[in-house]
Structures are given as structure tokens and as C-alpha cells.
């Protein structure tokens, strides 16, 4: 049994970790939903993407709820579905007669004619959703990456604000169904049938207005990142520094004191230093030098490490002094800007996001998993330290050493030494 | 799928083998009506394209062309083997599978084991290797021999050692025919005793069969068939009378009928490995489940219902009777009473239209009437093969590792000692190079050690079953 | 998210077939008692989980079939092909010529390392066909050699290679007697190894299912096929789609993960039992009606009295008065009257499910003192009827359900081990007495831990 | 769009207007003017602005519904923890000048505008999700009510739960990568920017849903306006600072009596101090260990080389060795001192699928990042194992005190 305060600390620590994990999961689910939706069949352009039924909980969810709550709805839906199916059958016959390049309509991918009520939409995408991952072969134009060449009837018309792909003869036949007029200045892939990104993705074009705005945006960010120095900016910097000093003086505290945020930044870097130094030391001690030159090198390294630790300790002591005794820390004066924010005032700092190139999904997965794993390890190490701090003293001090103590030891062993993945058995020695 | 090779040694071995191949062919013909060479057939037969010169090319798939038994026939006389080669089964064998001599072993284990063993060692090995090469995955050698004679007993057990050295991973299942007390071979106790030592040391499983028991079973079938009460009719091509064709001849050739029982035993033993079923039992499961200690590998078998051996149309009795019979004294293939002895393990191999619930019901029913060793109170192994024996709906083969084999061994030792004390006929053996008197002493002590093991187990019979103290966990 | 199933050995392959068949026929059953649209969403969700689609539109089970002898796999494939509603993948099978002969050591130490690469490749191919992998089902018996020995080996390799994916072993617990003589040895070796590499075992006891067939399904001559169908029904009632949360109409994406997070976070408690209600033959089903209150009342009593089915429940068993200190160390030999739970999951399917009241499962007295009902109990629901049952409830329980059977197995194996019987069969393939002792030690601890919850 | 022209003088209102435009919902220049004179009516707008600036990024949606008082409280404690020196603010001043000062303080000390713009930027590209919060745990929030002593098995249970959540997170992450990969692949060649080549989820979503496309465009244009304003501000902020000087002059000088009040001391929690103490202990332990090893090694080395002649080559060798060690150690030190290359990983990147070997003029390659992360992962794993074996030793020592018990750990594979 754990004493109450210890229990409280441990549980809240773990609960916090669990909560942050769930939060991440929720975020991830949200973006997964968006991506999944994109990979499902797309509705013919012009059909406004209908909102999911107004459920408070599903506002952000996938618009394919398994069912709607009202029975009335269901009934209507059933009738509607039947009607749609009939319509599709008719159309299917027509398109077959017309031309065989049109995307085939299977019974599960019912193309909703434009103007269909909103409630019917989720059904369609839920059915076709399963196709997103499948490798259904596509016929005709859908596979053609360069449609204009191979299929003259399918062309990209770059028309100012609006870019569209017309799906051959069908486009004309069902032209009335288009809502060209309502299409915002986004460009749409104008198809009359549901299609998937896989089939038609390469035909998508960004609207010109958007392209313009986006390139302006990136240019502006780039400008913002380039810190040009000139007399002019120097003067500004001086003015700012002067203002800060004056404000400090006027506040009655003539010197700058470390803030909690700053202390945390420093503590973090020192923690990291600690860990890295220890690792480096162990590495050095575990290698056996081959000759006396290497031996000398090893010695130098060890002594160098000592020097660094001395520096760290010095820095730490200054920090502690500054915190507890309100002494001005010279280290803070030295690098005032660095202490200001985690971002610091790095010269080469760029506000525009750099591209990160990956070559395969596999690589992307490795990258993302590693990234997650690193943060999980950090969390695990943190938890390990917390557990050590709470449990080890408890085990060491508890008397008498009866079964409750043993039970505690066993659980502690599993938590502390095995990451709670394995456990040990304690047998009576007879 | 795995394959097995049958090695039939000596007169008795070859006679039983001959029955076996006849039955095996019939069984596969009944199951495989399309005549396609499949996995099941392949376990005992090769499919050979006879047009190919030399060995005949093996065909792994497709229509059955010409089936060849995976067998090696060994006898130091020519009689029986020649008979086979002139009989209806002649196409199943070819001369490359045979090893014969003309001199015979003279009912002398030492001649078979030492003289012929050394003489034919290479030749035997070559044939065995050849037969193994024809297999995709050789799992088991079935050795059929008798214990009392010279060739089967001597050369048959010599073979065991050869197989162990050459094919250590392949199981050696030995069907050994033990002489009855009224055996006309005077040296049979010597031969059996010397062979026992080899069986102890080099066999994986031994299925001891006793001529007397076979004879009793035949008589029983006879009386059922002849009573006419059940309105039975004997099918024209009765298994019992295979090769003879008439019931009347039964008494004249009781050995045929007896051999058929043994052949049936082998068929049923391998049926679950060959055919489909909802609970398969591969050959390697037999020793795994039934042999708790390496030496205690003697399995007492019983086949029920008996009419499945007789190929007669008796309306099936209650299914449960089949299970009861399997444990009765007069259905065992040796003179033994498993019901009143101690079970170490027991296997029930069921064929035909029987479901797991039937099995379970009967196990529950029979369990209280049987005594199992304390550490294996629930020592049951079961299998369900969906293919029944030809012409019947179901059958059961029970294999028991039971201390009831002990009397057979003790009797053997007694008969041996009676002779040995007088040193009677000993010189016939000691003549043979490599034979020494110590061989006899060693053989006795080997068997005595075995009997002692059974004794120790029997001694636990009267003790109450107690759990061994377990490990104690502190928290 | 998808689940890749590995069917191992005769038992695993026979059951695997029934499971996929039952999942498929349930999801294509027209008697779902729900709207067409919901039915389709249900179907799609089931499909994502257990099937993939081939070019011709026929669903392919996300499964890998492994056996060391060809008979059963051939039989399974042809059964699936005969029905021709769904199939196994063309190259999803691995078999050899010779089985493991009921020898755990042979499966684990010989077949395992020898065929590791081929089997893991097959699994990887199947995994690569999933957009998103939740984890694995490994269906295996504990009694034999291939399912148990190779199963333990493969599970361990899955743990090495897919450490982040979840591994649930569907374990077929042998009849108390009469399947395989060395079943207790094989079982302790299996369980102890799985305790190191698997996340959870869902245990299906042959004896229990057999009884259900006899008593509830009214089958006179019970075949393995009957038994496997009941088992498949139980599994389906747990893993078919359910709503992701109370009041939501979306299907749960990762049932395996959710289940494990609820039921098996503690390393010593990984054995899950499953109960379901109602269970009856299709003929009687047509004439029966149920209320949620009635079903749940029975299910709860099944839980606390450790009844295997709705028949013969001991209604005398009551939860201990809460607030009393937990009784000291409990002995297994004492008749377990009240079955204490660590955590439970109830799954409800069918008509008016939203009105079903599960409060009775939230009584703290049902649970171990160290977990609150809020941590220890959860419920999944869906309105869609399952397998023609208008209403049905399943319970997956991490409780003392299995202490007794486990204790029996360990005890019997220990008795045999003390006499050294059959040990030589194992040492032949590198499993030494030490390994047995390790297994005994671990499982004795598990028994003790379950007794002391 | 070259450099913005700015008149250096006489353009205060214009400068303030620029600032306003670059701030989210920036107040009008008039507000600033009123604030100089400490007019209360300017206060609510400035409180709100400060709140927007200082509220934690993730909490935007839930926090915005806070009452004004609560918002002010958030602002104060945030400023406090950043070390804002003026205590007057803590007393909730009636007027608005203090608020203007605080805002200016924030503006003066770092790239506030840039940070704010960054915080609210329109994300067009796909990124690797950021998981910083998983690792960086502040002091725990005590929100758990435990009534009495607790069984450690509950902690094991929670730990196990956490493990399952981690794994779920990883598999969801993998799924997201698969889907991203597909979207990128299927839209390859669609992006006008040659460097990118394909569309991002946001862009694709925009094409799918015309309505959101409109919104996105608007947001982008709005951001562009703010960016332009921010750039302009850089050119004319000098005027503002000169003016702020006068604002500061207008303040009464605070007496030390106010300043000495403990409420304004930097809020370093007990927890924070404890942390520092722990680090110090660890450093000292390390120091002692090194001391011991280094001393004995030096002695041994000196003894060994004493016999060997030290020619002139030795001098140069020694120097080279010293330099190389110095370099190495400086690099080591750099890895925690400076925001190094590895910190770049924490910056958002736009994920771009490109064929192997396709040269990018700028940007990172996944392989490179993977290498860095693997190194980091290995390092962390070693740290964890070290801690675990430390515990193991401790517990093994304890188990040694109980002779009649055997501790058996499940064998590992």
C-alpha cells in the first residue's frame, strides 16, 4: 500500500500522461478523418459537401455516421436509396450505351446526382469508403496521367479563376447538373460521377487566386525571416534595449531576475547536459585504448568532461543563487536575448517552414514513429525518475518486512525495472 | 504429407505384410474412386511410370499409373516371398525391393542377427536408402516380424539398429508377433529373449501381438458368423478369407485370418495420419503421448468392433459397446487384461461416423472403471478420422500403455529360464561368431529391468493418489 | 483498423475458418434489424477489420494459415472455396509435411526457427495490405504441438517484429481430459511463454463450449464443427463493430486496442474469458423474446457466480458487502463462490440497445479493491442485431474465471513433472527441466495473483 | 515586393496603425493614445489583446470563453512567470497605461509579432505531428482525488494503460503516414511550386470542398495583410519606441515599498527548486566519479610515458590531440547549449514526397532526420536502461536480506 500523498502524486503524474496521450490521439484522429475522407470517393463537383446531421458530438467527426437517430429519417432514406438505385440503373445503361470510358458504377458506388439532398451523401461515401484502400482497377481515362494527349475528350481547361476537367461527352450530357455559377474561385475537378483521388488525383489543379495568395504568403514569410541589418535596424534595437532597461529601472528592481520560464529553460538544458555527459563518460570508460596515444586522448576527454561539468555546476549555482537570493546572474546579463524565449534570437532562424523530403511511405512511417518514440522515451524516463523518487525510499524504510512489503516490492520491481511489462515471482525456499 | 516404409522380415513378417498390402490397396481404392494419386495413397505407395526404364519414374501427381508398395521384403528363405511374387500382389513389388537367401536362419536368432545381419547389412541398407529416396518426407518404418523364429527375430532386430544409425529421425514402429506357449519352435524362448533386448533398446514403439490372442479372436468371429443368429452373411470377398475365398477354409488356414487382424491393426493405426478427420493423429503423436519413459514403449492394442475385421454384415450394435469392448480382455491382441492393470496412457483412435461428443461420453463412462497411474490420471489421447474402414460405419483402435504386458514378459522369461538353466541348445548359438554367453545374461537383465519398471508402477496401484507438493508463491 | 489473423495448427485453422465465415455471414445478414445504410456501414467496418478486397470483388480474409502438415489447410481452403462468398488469400498458406506430433518443443524449437522466415514473410505480406494495422489474432490450441509450440514461437516473433501492434491469442483450452496426454505440459509451456510476448489471451474452454452445444444448442451428436461455430459466434459478438462511444453513431475504429486498454494493462492479468447470452439453437430463437433487463441480470449473475452459460446459474451467490476489508489470501482449493473481477467489458447488440441499463455491473463490490468501477468496467453497444439474435450480450472478463482451470493444469503438469514422465520427449528438442521450472514458477505466480485480487 | 518605405519621423500614428494591423484583432491607434494617458476605457481592449498574446496555444478554443477577470488573471500569471518586472500590474490597475507597458515589454524583448503570426498561421502543408508535450512535463497538476492508501497495482494498471495508448498512438500515426503518402502520390504533379510537386491535405481538402476553399483563401489573404503590416512595422517601429519612452516617463516612479512585496517575486515553485537541486546532485555525483577515474588514469599514464622519450613530434601530436578533443567536446556541449541542428527537428516542416535522390535546394531529408532521431532514441534508451538497472541493483540488495525467499524473474528471450 502506498501512503496517500505518494499515491496522489503518482496517480496524477500518470493520469496527466494518459490525458496528454489521449489529447494527441484525438488530434491525430481528426486529421485521420480528413485524410480518409479525401481518399474516399469524391462527389461530383458542384454538389455542395453536405454537413453531417447536426449531432453535437459529430461536428468534427467523419461525416459517415453508422446511423441517424431518427426512425423517420431512416424511412425516408430507404425510399430515397431505392429511388437512387433505380436512377443509377437507368443511367448505367445509358452510359454503357454511350461510351464505355465512363467510370463504371458498381451498385455500391452510387453516384448521387447533383442536387441530391444532403442526408443521402454520407451513405454514398460510407460505401465507397471501402474502395479507398482497395486496388480496384480503373478503366479508361482515370488512369491516364496525361489526359489531354491520350483522351482528347478529357481536357484541362485553364480558365482564369476556374479550372475544370470535363468528363467527355458526359459533361455535356449532364451539363445542366453543374453548378458552375456557384463554384467559388477554387478550382474543381469537374466530374459528373463520384471518383477517387487515386483515379483522378493528378488532374487536380489549384485555383489561380489561391496560388497567388499562397505564393505571396510564402514570400512574405521569407521576408520576415530575413533579418537584414542596417543602421536603421540597429537604431531600433538600441531603442528597444533602452526601453527595457528603463522599464526595469522604473519598476524598482534595477536588475533583471530570472523568471520561472527562464529557469525552466536552463534547467532543461542542464538536465540534458547531465544525461549526455554521463553517457559520454560511460562510453569513454567502456572503450579500452589500444595505445598510449589513445590513452592520452581518453584522459584528455575525461578531464575535458570534468571541466564542462564544473562549468555546468557553476552555472547551476548561479541560477540557484539568482532564484533564491535574487542576485543578478551574470550569465543572464551575458546573453539576455537567449534567455528570453525558447526560440531565442538565432540569426539563421527561419519562420518559413522548410520542406522535409521523404522518398517512401515506409520512410515517412519510420520518421514519424521515431519521433513519437523519442518523446515517449522522454516521458518514460521522466516517469521512471518520479517512480524512483517515490518508491525506493518507501521500500527501504518500510517495516516490518511482511507480505504487504513483499507485494510492494514485487509491484515496484515490475514498475521500476521492467517498465511494467514483466513481473517476478517470489517463491518460498523449502 | 509423410510416408512410411514397411519392412517385413521373415516368414511371418512377409505373410502379414502381404495381407497388409492387399487391404491397403482395397482401402484406398474404396476411398479414392477417381483413381487420382493423392497424398493419402502416397503414404504407403509410390506411383510409378513403368514405361521408364530402370527404376521407373516416380509420378507425384495425376492419375494413378502403377502403384508400388513402399516396402522392403526380407527373408532368408525364398518360399513366402516367391509366393507373393506369383500371387495377385506381384505388381505391387519389384525385385529391387527384395532380399532373400535360400539357407534360412534355422530358428536361430544368432544366425539371423549375426551372420545374416553382417552378410546383408550393406544390401539391406541400400534397399532402405532407395526406399527412403522415393519418399518426400519419410516419417516411419513399420517393421513386421515374429519373435520366435530366426530370421524375423534375429535379422528383424538387427535391422532396428541399422535404421537407428542410418535414419535417426525416422520412427521405428515394430509389430512383433510373440510365440504362444505351445509354440512348436523349441528355441523360441531364446530367440524372443534376445530379440527383446534389441526391442528395448532400439524401437520407438512396439506393438506386441500374441498368436494365441489372434486365434481366440478368430474363433470368436467364427462363432458369431456361424451362429446365424444375427442373420449374417459373409461378403463374397471377405477380408478374413482374402486369397482363399471361402468360409469353410477358415479353419484350415487360420494364419491368414490372424494375419489379417494384424494388417488391420496397421491400417487403423495409420488411418488418421492418412485421411482427413476433425481430430487428426499423426504417427509421431503416438509415441509422444503413449511413451512416458523411453523404455516403456510397449503398446497393447485392441480392435473393435470385431466384425470390422470379418467383413460381414452384422447390424451395428450400440456405438458405446464398441468402446466397452476395446477394454475387455478378449479383444486385446495379447493375452492381457488392461482393465485390471495400471494404465500409463491410453489412445483411442476412432474411424468413421463418430463425433467428439461420443468420444467424450465414453471416456467419462469408462474412466471410473479403469486405473491410471497417479501422475497421469487423465492419460487419454484421442483421434477422429472421418474415413471408416471399408464397408463399415465406424471402428476403434485402442492402444494402451499398460502394465498388463508384464505377464507376457514374465512368462517369456520363465520359459527362457527353463531352457537356459539346462543350457539346452545353447551351443547352436554360441557357435555363431560374435555370440557369447554374456549376450544371454544381458538379455535377461534387460528384460528383468523392464519387468522391474512395470513392477514399480504396479506397486503404486494400491496407493491413494496424492498431489505432489507444489511451489509456494510468497505473495 | 485491421486485424491480421494467424491460424495455427489443426484447431487454429478449423476455428479460423468458422470465425471468418461467421463474421462474414453476420455482416451480410439481412436480418440486422437496422436501416440499410447502417447495415452497410456495419459491413464496411467489419470488412476493414477482417477482410480485404481482391480485384474481382471477392472478400479475402486477412489471414495467414499455418500448419506443419497439409491436410487441414487443404480442407480449410476447400471449405472456404466451396462457400465462395469469401476466400483466403492465394498465397496465404504455409504448410509442411510433418506435424509437430503434440510436442510443444518440436513446434517451438524445431519448426519455429526452421520456418520463421517463410511464415513471417507471409504475415508481413498480409500486414502490408492493411492501411492501418491494429494488431494480430493468433488462433491456436494449447494442447497440441503446432498450435501451442509454433504458436508461442510466432507470437514471440510478432512481438519482436511488430512490437507496437497488439497481439491477442485466441487460445483453445483443451478438454479437462482426453485430447492429448501431454496437454498439460504443452499448456504450461504455451501460457508461460505467451505471458512474456502476448498482450492478452482470450480463452475458449472446450469443455464449456461443449456443454453449451449440448445444453443450449440441443445438439445430440456434437462435432468439432459445432463447437467451433459456437466459439466463432462468441468471438464475433465481441469483435463485430460497435459504436465508438455512448451516444455516438460511428463505429469503433480500434476495438482490439480499446479492449486491451480496458482489460489487460496489468502484466500479471492477461487471461480473458468470454460469456454470451442468449445462446440457443436457431429453431428456439424464433420463439424467444428477451428484455435487456433480463439478459443483463442473467449475465451479471453468470459473472459473479462464474457460470459458463445461462443454464444452471447459481443465484445464491451475492457480491460481498462492500466496505469490508478484502479477505486475506485466498486459496484456490476453496470453492470459489464469488468471482471477483479485475475488469469487465460488456458488449450489447440489438434492438433498443440504448435503453439497456448496465448500472448493475458498476457495483464496486464486483471488482478488486484496487480499481474503481470507472476504471474497471466499460460497455460497448450497437443497435445492429448480431447473427439473427434480436438482442444479445457478451461479456469479456478479466476475472477469476480461469483460476481454477489454470490451477488444475498447473497441478496436473506438476504431478507429471515430479515423476519426470515424458520429459525425455522435450529434452530431445532442447526444452530442459529448467524451462519447465521457469514455466511453473511464472504460472504459480499468476494463479496466486489471480487468487489475491 | 521590395523593402517597404517608411518615413522615419512624424509617422507615429501610422506606425501604431501598422502594429495594430499586424496584431490579431489589433486595437486602433486611438487606444494606444488613450493608454498613454492611462484612460480606463482603453483597458478592456488591451486586456483582451494581452490575453490573446499570452494564452497557451493549444487552449485557444476553450479559454476564449473565460470571463474577463479570469482572462486578466491568466495574463498576469503569464507575465509573472516570464519575469515581467512591474509589480503594479499585479494589482489590477484601473487604467490602461500599465497594459500598454506590458505589451511593449513583450514586443521589445523578442520577436513577438513573428511568434504570434506563427502561432496562428494558415497551415497549407502537411507536417509531422508535434509531440513535444508528451516529453516536456511541467509540475504535475494535482487533479486526482485519492481517498486513502493505494495499492501499487493501480499504478501498474495505469502504466499499462499508458503503454497501450502509446502503441495506439503509434499505429494511428502509421496509418496517417500511409494516408498522407497516398494523397501525396495521387496528387503528384499538381502543385505549381516545383519544389513541392504535390498537394497537401489542406490543399486537397480545399479542392474537394469549395466552401472551405473560400474560407482558406480568406484566411490566407488576411494573414498576408498581417504579414505585410509586420514587415512594415519593422521599418517604422523606431518611432514607436521613442514614443514609448515618453509613455514611461509619464509613469510615477514606484517606491521600493511596493517592490519589496513578496507577491512580485519571480514565481519559482518548490518543484522547480527541487528540480535544480536534483540536477546539482547528479552533476556532483558525476564530478566525483570523473575525478576519481581521471586522477588515477593520469597517474597511470604519467608513469607509463615517463620512460618514453618525448621528441618534438610528441609536441605536435599532443597539440593535435588536444585540439581534436576540444572540438569534440565543444560539439557535445553545443548539443545542449545552443539550439542546434537537432532543434531544427522541432520546427514545423512541410512534408514533401520526392523521388530518391531528387536534389532539394533547401530543406531536410528524411533519412538525415531519421539518423538524428535514431541516435537520440538510442541515447534515451541507454538512459532508461541505466535507471532501470540502478533500481534493479537496489532491489537485488534488498532481496538479499531475505534468505528464505527466492526471487525469480521471468526469463527474457
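All chains are identified by letter, namely A, B, C and D, in their written order; residue positions are counted from 1 within each chain.
One rule holds in what follows: a contact is a pair of C-beta atoms (placed from the backbone, for glycine too) under 8 Å apart; a residue touches a chain by one contact, two chains touch by 3 or more.
Everything quoted here is computed from the prediction, not taken from an experiment.
Asks: If you tally contacting C-beta pairs for every chain pair, which pair wins?
Replies: If you count contacting C-beta pairs, the leading pair is A-D.
Asks: For chain B and chain C, let me know how many angstrom lie between their CA-based centres, rounded off.
Replies: So the centre of chain B lies 41 Å away from the centre of chain C.
Asks: Can you work out the whole-Å distance between the CA centroids of chain A and chain B?
Replies: 70
Asks: Approximately how many whole Å separate the CA-defined centres of chain B and chain D?
Replies: Roughly 80 Å separates the two chain centres.
Asks: What is the distance, in whole Å, between the centres of chain A and chain D, each centre taken as the mean of its C-alpha atoms?
Replies: 15
Asks: Which positions in chain A are in touch with at least two other chains?
Replies: As it turns out, chain A has residues touching two or more other chains at 29, 369, 403, 406-407, 414, 418, 420-428.
Asks: Mind pulling the residue numbers of chain D that touch at least two other chains?
Replies: 150-151, 153-154, 156, 158-161, 163, 165, 168, 170, 172, 174-175, 178-179, 405, 408, 410, 412
Asks: Got the chain C residues that touch at least 2 other chains?
Replies: Those would be 131, 164, 196, 267, 441-442, 444-445.
Asks: Which two-chain combinations qualify as touching?
Replies: Going through each pair of chains, those in contact are A-B, A-C, A-D, B-C, C-D.
Asks: What part of chain D is in contact with chain C in the complex they form?
Replies: 150-151, 153-154, 156-161, 163-165, 167-168, 170-172, 174-175, 178-179, 408, 410-413
Asks: Considering the complex alone, what residue numbers of chain C touch chain B?
Replies: Touching chain B from chain C are residues 10, 14, 69-72, 75, 97-103, 106, 145, 175-182, 210, 213-214, 219-225, 227, 410-412, 414-416, 418-422, 424-425, 440-441, 444-445, 447-448, 452.
Asks: Quick one: in the complex, what on chain B touches chain C?
Replies: Chain B reaches chain C through residues 1-2, 39, 136-137, 139, 276, 278-280, 282-285, 287-294, 344-345, 355-360, 363, 367, 374-382, 384, 467-468, 470-473, 475.
Asks: So in the complex, the part of chain C that touches chain D is made up of which residues?
Replies: Those in contact with chain D are residues 1, 131-134, 156, 160, 164-166, 192, 195-197, 199, 254, 257, 260-261, 264-267, 368-371, 375, 438, 441-442.
Asks: Sort out for me which residues of chain A touch chain B in the complex.
Replies: 403, 406-407, 410, 425-428, 430
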